[in-house]
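The block underneath contains the structure these notes are about, expressed in structure tokens.
Labels A, B, C, D and E are assigned to the chains in the order they are written; within every chain, residues are numbered from 1.
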Amino acid sequence: MEIFSNMLIYFVIIPVLTLAGLALTKNKGIDAIRAVAVTGATALVGLAVYLVVYFLHARAAGDTSDMILQTSVMWYEPLNIKLALGVDGVSVVMILLSAFIVFAGVFASWKMDPLPKQFFLWFFLLSTGVFGFFISVDLFTMFMFYEVALIPMYLLIGVWGSGNKNYSAMKLTLMLMGGSAFLMLGIIGIYFHSTSTPGEYTMNLLDIAKNNAIPHNWQMFLFPMTFVGFGVLGAMFPFHTWSPDGHASAPTAVSMLHAGVLMKLGGYGCFRIAIYLMPFAAQQLGWIFLTLTGISIVYGAFSACVQTDLKYINAYSSVSHCGMVLFAILMFNSTAMTGAVLQMLSHGLMTALFFALIGMIYGRTHTRDIREMGGLMHIMPYLGVGYVIAGFASLGLPGLSGFVAEMTIFVGSFEHTDMFHRVFTIAATTSIVITAVYILRVVGKLLYGAVQDEHHRSLTDADATERISTATLIIAVAIIGCFPNFFINIIRDSFTPVVQALTSVM
Amino acid sequence: MDYSQFLMMPQEIGLLVVFLLVFLYDTFMPSKSHKGLPLFATIVFGLFTIYSFLPVPDGSAFGDMFESNKATWAMKNILNIGMFIVLLQSIKWTNSDFVAIRRGEFFELMLLTLFGMYLMISGRHFLVFVIGLETASLPLATLVAFEKKYYESHEAAAKYVLTAVFSSAIMLLGLSFVYGITGTLYFNEIASSVQGNKSLLLIVALAFLISGVGYKLSFVPFHLWTADVYQGAPTMVTSYLSVISKGSAAFAFFVILVQVFGAAYAPVWEWMLYAVIVITITVGNLFAIRQRNLKRFLAFSSISQAGYIMLGVIAANAEGMASMMYYILVYIFSNLAAFGVIAVIERKTGKVTTDDYNGLFKTNPWLAFVMMLAMFSLGGIPPFAGFFSKFFIFMGACSTGSVAIYVLVFIALVNTIISLYYYLLVVKAMFIRQDECVIPAFKSHWSEKAGLWICSLGIILIGIVSCIYTGISNITNSDAMSTMFSMIQQ
Amino acid sequence: MDLNLIMYLIPSLIMFGCGVYGFITRKNMIAILISLELMLNSVDINFVVFNRYLFPAQQEGMFFTLFAIAIAAAETAVAIAIIINVYRAAKNVDINQITKMKF
Amino acid sequence: MESLGNVIMYVIIALTIIVFSVLAVTTKKILRSATYLLFVLLATAAIYFQMDYEFLGATQIAVYAGGIVVLFVFAIMLTHKPGEDAAPITSHKRTLGLVACGAGVLLCGAAMLGYAKFCGQSLPSMSDFTIDSLGKMLLSTDKYGYLLPFEAVSVLLLACIIGGIVIARKR
Amino acid sequence: MPLSSTIYVLAIPLFMFLFLGLVGVKMPRKITGVIGVLGMAVTTVWAYAIAFTYFFGNGEGQMLDGVRQQVVATDWTWLSFYADKLVVKLGVLIDPISAMMLVVISTVSFMVHLYSLGYMSDHDGNPEKGFQRYYADLALFTFSMLGLVVSTNIFQMFIFFEMVGVSSYLLIGFYYGQQPANHASKKAFIVTRLADLFFLIGILILSFYTKTFDFKEIMGANGHDVCNAFTSAQGLTFMGCSVTAWALTFIFIGGAGKSAMYPLHIWLPDAMEGPTPVSALIHAATMVVAGVFLVARMFPLYVLEQGAMDIICVVGAFTAFYAAAVACTQSDIKRALAFSTISQIAFMMTSLAVSSANGKLLGGHEAGLGYMASMFHLFTHAMFKALLFLCAGAIIHAVHSNENSKMHGLHKFMPITSIAFLIGCLAIAGIPPFAGFFSKDEILVACYEKGIGWGLWMSMVAGMTAFYMFRIYYLIFFWKKHEVHGEHAPKDQPWTMTVPLIVLAIISCVAGFAPFGKLVTWDGAQLETHMNWPIAGASVGIALIGIGLATMMYWKENPLPDKLATMFKGLWTASYKRFYMDELYQFITHKIIFQSISKPIAWFDRTIIDGFFNLLGNVTNSASFGIRKMQSGNVQGYVSYYIIGAVLLAAVTGVVILCF
């Protein structure tokens, strides 16, 4: 089979094999379950790293095609739906990010109880969807994997969550599915306008972009559909309200994966499908979404300032940071878009880190209310320091990932000289201060100060698996922060076709 | 007199042979070995199912009253598969104490109603169609009343038979108008003579006709019998009603609308269907939200599913037909899985409400798993087949390119969110509420297991294995079918 | 005076209307069944007069009626059987007896 | 110009149909209702005779009047104590019934009256239609032959018989 | 020592930070401290060697026609925004001011490292908890500050601005268990972050027009040929000012935040909650002058934008006075010193700002005097202010309080400290021959060059400086007899703490004689400086008046201060309360940002947005409930719906099709 000679497919096959392996384990055999999960996650990380190396090698060897490792196998012939694979720089780094977060997520849910086997089953199903989404270049398969990634959330939150989990899980699922309803219509519309010769419709987004046949009036209809569809997942104002509740109720690893990777699907889709395929409408309607995302950034940050639940703070902070991603994408130049991808990476890692730490803290104190905690730095210094580092990454400390991402975005956004973009860019920059406010507020209340609850004194610091989980993420955050050019070189060329398409319709 | 024309209908003949075998077994076998009748019937029907995959001759018979082509062949096979699963799942139930005495009749009636459905599918004359319709619904009324120890069963049967006759009366009135206008009942002749006719009478006739078929398909507002009958009928009959009966009606509906009223009359019925679909999907969903009885719940869910099926009809082209047939196939597997689980649990414990299902995963993980597959498939969640069928039927609808259809698809999509909500409620009960399980762990019969296995495999594989859809699509796109669609003037 | 088509159709339509009215108002299930018979019968008349007045060349309407009578008979038989069954269970044939399942 | 006899016949038939239809659905006594139904069915048979469909008329009388009405009477006898009256119908139901049937009748009436072909059509002559040709057509497989429906309806009847047995059986 | 090896001056502290932070926490506290001090010692020696090489060596490209050149020792592309256009590099730029700063930072840092060995231990010499963290953070700070001064481009500067901010945050919050330290660290970070926001916007504007971040590319070698992109951007105006003026003003705000210019100064007094050596290093000697350094670094651009310069000038002059006024009444000695710091930095700022007018440097043959004076003062101030803080630390360590009411009359107990403090006071008051005299004199000269008003104003502030410094000095060491609390009588501290005092005191005595004009000028050319005797004499006179006044009021316990305080009660209270700036900020942050923006937004989110989506659900549910009557269970109802539905379907369709 041709498809199996493409290494990308193994990003789907490995999780599926892991699923199969997990299915074979016994419910009670916790060690076997862990072993399978860790093996799968490690294999994914290894493959992702290899993919990066391969990609750099291919580019160095002069492969300048838009996507490398392209394979296309006919799937549904009557509809011309193919299993089309291919990656460019953006997908490569997103795959790398996902692999890392899956890896950290496995360790973060080491002591999952009850039903560890089922938990990991759903967890890896979710990963399958995520990886499948990033390796696909066919709209149908992309959408399919997108939904595969969404639905396990329901059970993961519903069964293993906490708090008001039923409500949150349902709300999250329904809102995201609502988004995907928009998306589905958008994709179908794109399909039927994908070519100017009737009957040769295609789902392959490279072909669609090449044909550039979507009529302008249809673009004006389909662009909002797809953008909102992905925007919901990207927590765009005002469709972000699933995020606080969902994250608050989700178990640690799920929050990690969801905020870390799943929300990135939104940003990735916005640029890969909405903007790339419909540049005209993007130029025409971009300002609407720019306004919304601009609001997201500031609004999320301000909302985070007054929350008292750790996860809510983080969720609103995600709204702000993910708003930044979409905001940057809508700036339509390669610098800002590069920044957007960096921000996805950065936000993915640091939010995962945050959620991992929150989960670990919650697992010990059994509360997430910052008013009931204090001085935890005395008691669990490792977690405390990790939290501070995550906080610094979030508020954009140089040397950690947040800084390079935000700066790239700001510099890119500042390319626009008109008043409208300027105002929103300046507004977006203010978020760095507000972010500092809420991050330091939490750090101050949670970690510093006197110990609030005397019972907390008997708690322990992180154990080995928790350290692996957090250390992986911290190192990743630091690597991006210290060597951004490595990633930028991978990412940047991927935007050339998009930017060309966008400028050609100006 | 040319009896060789009967050779045009090998599937119907084969089915009647199966019926006869079962009938003879029922009549002449000693009561000792009577217990083997369900198994016998299932096996024979299984063989028949395989047999009917043999290709059939294309063409029409009985002076264009009957048509056999690849599409009808495929549709009948789809129904056969569903029927086989239903029979398989009812083996254990028909041997249970209260039903055992009537088990022969159960299988005979099932087979005869299937025959009626064949006629609906293949009939190209309204008389044949009406007889098929009645054959498919009247014996079903008696099947509904099968569970004699339950009052609900009688009540359901009474409701069913009264409303069914009422609806057929309305439909016949509409048909009489059609006859009055065109002077013929042959599909192909009507098609040519209604051309350009824009009278109110034809519109009324069409509305009555749609209401009559819509009754079988449970369109709102002709759907009100559905929930009560589904709830009262024995679960096996309910599952039969909800998938096989509905599937055949949908196909016949497609043929009638496209072939008979397709030419020049498409705008009228498309408009009607548009309205009906919107109402059907929405109201079905709204009702389903509040249901606690699972059979009733699935009744409303099937109402809204019928709305989705109609999206293929409104497209009125080869893509629409292919996606509709594919949707029906997937729907058969999904719904039968759900009903299979319900039937097993009802047989073992008599519990049918969602609250009873709380924590099912803890005691019966496999049943819960299959139920979840069914719910996800019905809700259109990938990678299960329901996702593909939903996507394709939306694509089929949108292939007409009209903006109004896009709006319709959007409404349908919004409704999928509501439907997902209630499907997830079931999943929630089984998986999330683990603390309060009332259904004890038990072992199901091998036949039920087999049925559920087939359904699960179907749900998982039909989507991923693309050749099924491709095959159906090749059939509907073949030259033989193209004449049917060429009449539609978009 | 000419006896034209419409003059047969109107009584038939009234018969049909009576059937509908009866179905909706009668409490007795057998009475409802009687109403249904009226409806079916009215349709039969339609077919026949259409055939005779408009399309006398072929006998389609007549044959349809012929089969419709058979179908109606079958329907009635099944319906009465079911009603009697309900009677066995509930000891009357009041339509309000079969409203247990609702909402 | 129709013969006067036909006209008178028509008036009687029409009146019978209208009056007894209304009575059949309004009378309080269920047995009377069945009887009025019988009159309506007979009047229908008369229409068939008037239309020169003697075989159909005969079938109508035999099956409907002879079979179905008897079935009704049996059923009534089985389920009713003598002298039992139907309870008065509620006004709510009556309104609903009137609205529903009124709307239906008005719509259909308007549609039929609006369809020009139906009005002012006098009875054309019909080619010789004998019982012999009827029988042949019934078993013909050609166009306008009805072998398939004939066989199909037999299956339907068989199914209904089996169904009826199932239902009627006590257990 | 080649200049390219400057990178090791940065690398060593960075390594120390990582080593102490990751490995050190597992090691005994004492050893980590010693390692930290040794590491810093190497750094210091190295930095001296670099400075020496730069100033007195003759390596390639260092001197050209008697003008010192800027030397880019290292440059490494760190982040490229566009493929080859806008690139952030991390590198080392050695020029007079950065070389000077290397010396200042490493010296003070080393002193503080050494001093902390003693200060961060209890009286028995046992290091306290978090000792390793403390040294790691100090190393991080040193790295960041060194990185800041050697920045080759404005973006690198911004990066290290952030880095020093965070090190400052960590060190202020060293005693994180205590609420005041916690709040102070937060406040410091957020206020400077706010300033950095403007800095960032300034950078964005500037880089947008110049298409580069690099100092040398923007300003040309030695700042003499500013790039065309900048000069042409000067023609573009936004709201009446040129865009470059906006950019530079924003950048100045960034610097003002770090340098605690009014009104962004409020974090600095609170920052005194950190350990005193930290205050000495960060909040007196090095980090707080980052703003001054920033403006100095971009001086050639500011010269071209008089508007921005005027703003700096006004802000500087006002801050100098304001801080001095507040310092006169503070009872917490560290806070008083903090305000003194603010005031002195404002001197430097003002000095920079007064050295140009309309694109020309003021002062004829003494061109760039203000610039030189500012840098000179920066240098001397770093030394004597560090000295003062370290003295204060020694006192605090001895009496365990910051309040001068707990001190009084310590001279007898701690003579060395007292003398060192006195030297510091004399230096800051501008009494010859101490270091402050020379640098302050140059500043005043530069101010008088700009205008007599500026000169008088700054002279007055200089007088106030002398007054409040001696007020503090007297209140600590004299006033009345010390009352011994607890078991230990205060005494001079161990050698680790005393040696830095002595070293810094010596530097404070002699630093004024450094030939600064020869070494540090804005364009690298040598600058002849002359003592302007009238102004020098006048300023010494004013200083002496201030000292005299202080002596009169605070030498011996007397009721005069209280009397004056009651006489000018409003003024005194306002000054004591720092003119209510903190309250104003409190109001803005709590009442406006939290209560009036964040809370309503959070409410809006939960109630309106979330409510809307919940409403969708509820509407669906109630619709579902509303239509349930349809399914009445009654067959007759069913068929009514049926027939009405069919009729409606036909009728509506008929109307639609036939009528339209």
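Going forward, a residue touches a chain if its C-beta (ideal position, glycine included) is under 8 Å from a C-beta of that chain, and two chains touch if they have at least 3 such contacts.
Computed from a predicted model, the values in this text were never measured in an experiment.
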Intersection of the contact lists for chain A and chain E: B
Interchain contact steps from chain A to chain C (minimum; 1 if touching): 2
Chain closest to the middle [Cα centroid of all protein chains]: A
Most remote chain, CA-based centroid, reference being chain C: E
Longest centre-to-centre distance from chain D, chain (CA-based): E
By number of C-beta contact pairs, the top two chains: C-D
Gap in Å, rounded to a whole number, between the CA centres of chain D and chain A: 70
Chain C and chain D: spacing of chain centres that average the CA atoms, whole Å: 6
Intercentroid distance (Cα basis), chain B paired with chain A, Å: 42
Inter-chain centre distance, chain B versus chain E - centres from mean C-alpha coordinates, in Å: 77
Set of chain E residues in contact with two or more other chains: 628, 631, 633, 635-637, 639-640, 643-644, 646-647, 650, 654
Two or more partner chains touched - positions in chain D: 93, 96-97, 100-101, 104, 107-108, 111-112, 117-118, 144, 146, 149, 153, 156, 160, 163-164, 167
Shared-contact residues (touching 2 or more other chains) in chain B: 127, 131, 134, 138-139, 141-142, 145, 148, 157-159, 162, 166, 170, 173, 177, 180, 200, 203-204, 227-228, 290
Full enumeration of touching chain pairs: A-B, A-E, B-C, B-D, B-E, C-D, C-E, D-E
Of all residues in chain B, those that touch chain A in their complex: 319, 322, 376, 381-383, 387, 391-392, 394-395, 398-399, 401, 406, 409-410, 413-414, 416-417, 420-421, 424, 427-428, 431-432, 434, 466, 469-470, 473-474, 477
Contacting residues of chain D [partner chain C, same complex]: 1-2, 6-7, 10, 13-14, 17-18, 21-22, 24-26, 30, 33-34, 37, 40-41, 44, 47-48, 51-53, 56, 59-60, 63-64, 67-68, 71-72, 75-76, 78-80, 86-87, 89, 93-94, 96-98, 100-102, 104-105, 108-109, 112-113, 117-127, 129, 134, 137-138, 144, 146, 149, 153, 156-157, 160, 163-164, 167-168
Of chain D, residues touching chain E in the complex: 93, 96-97, 99-101, 103-104, 107, 111
In the complex with chain B, residue positions of chain E that touch it: 620-621, 623-625, 627-628, 630-631, 633, 635, 637-639, 641-647, 649-650, 652-654, 656-658
Contact set on chain A toward chain E in their complex: 171, 174-175, 237-238, 240-241, 244, 299, 302-303, 305-307, 334-335, 375, 377-378, 392, 395-399, 403-404, 407-408, 410-412, 414-415, 425-426, 429-430, 432-433, 436-437, 440-441, 444, 447-450, 484-485, 488, 492
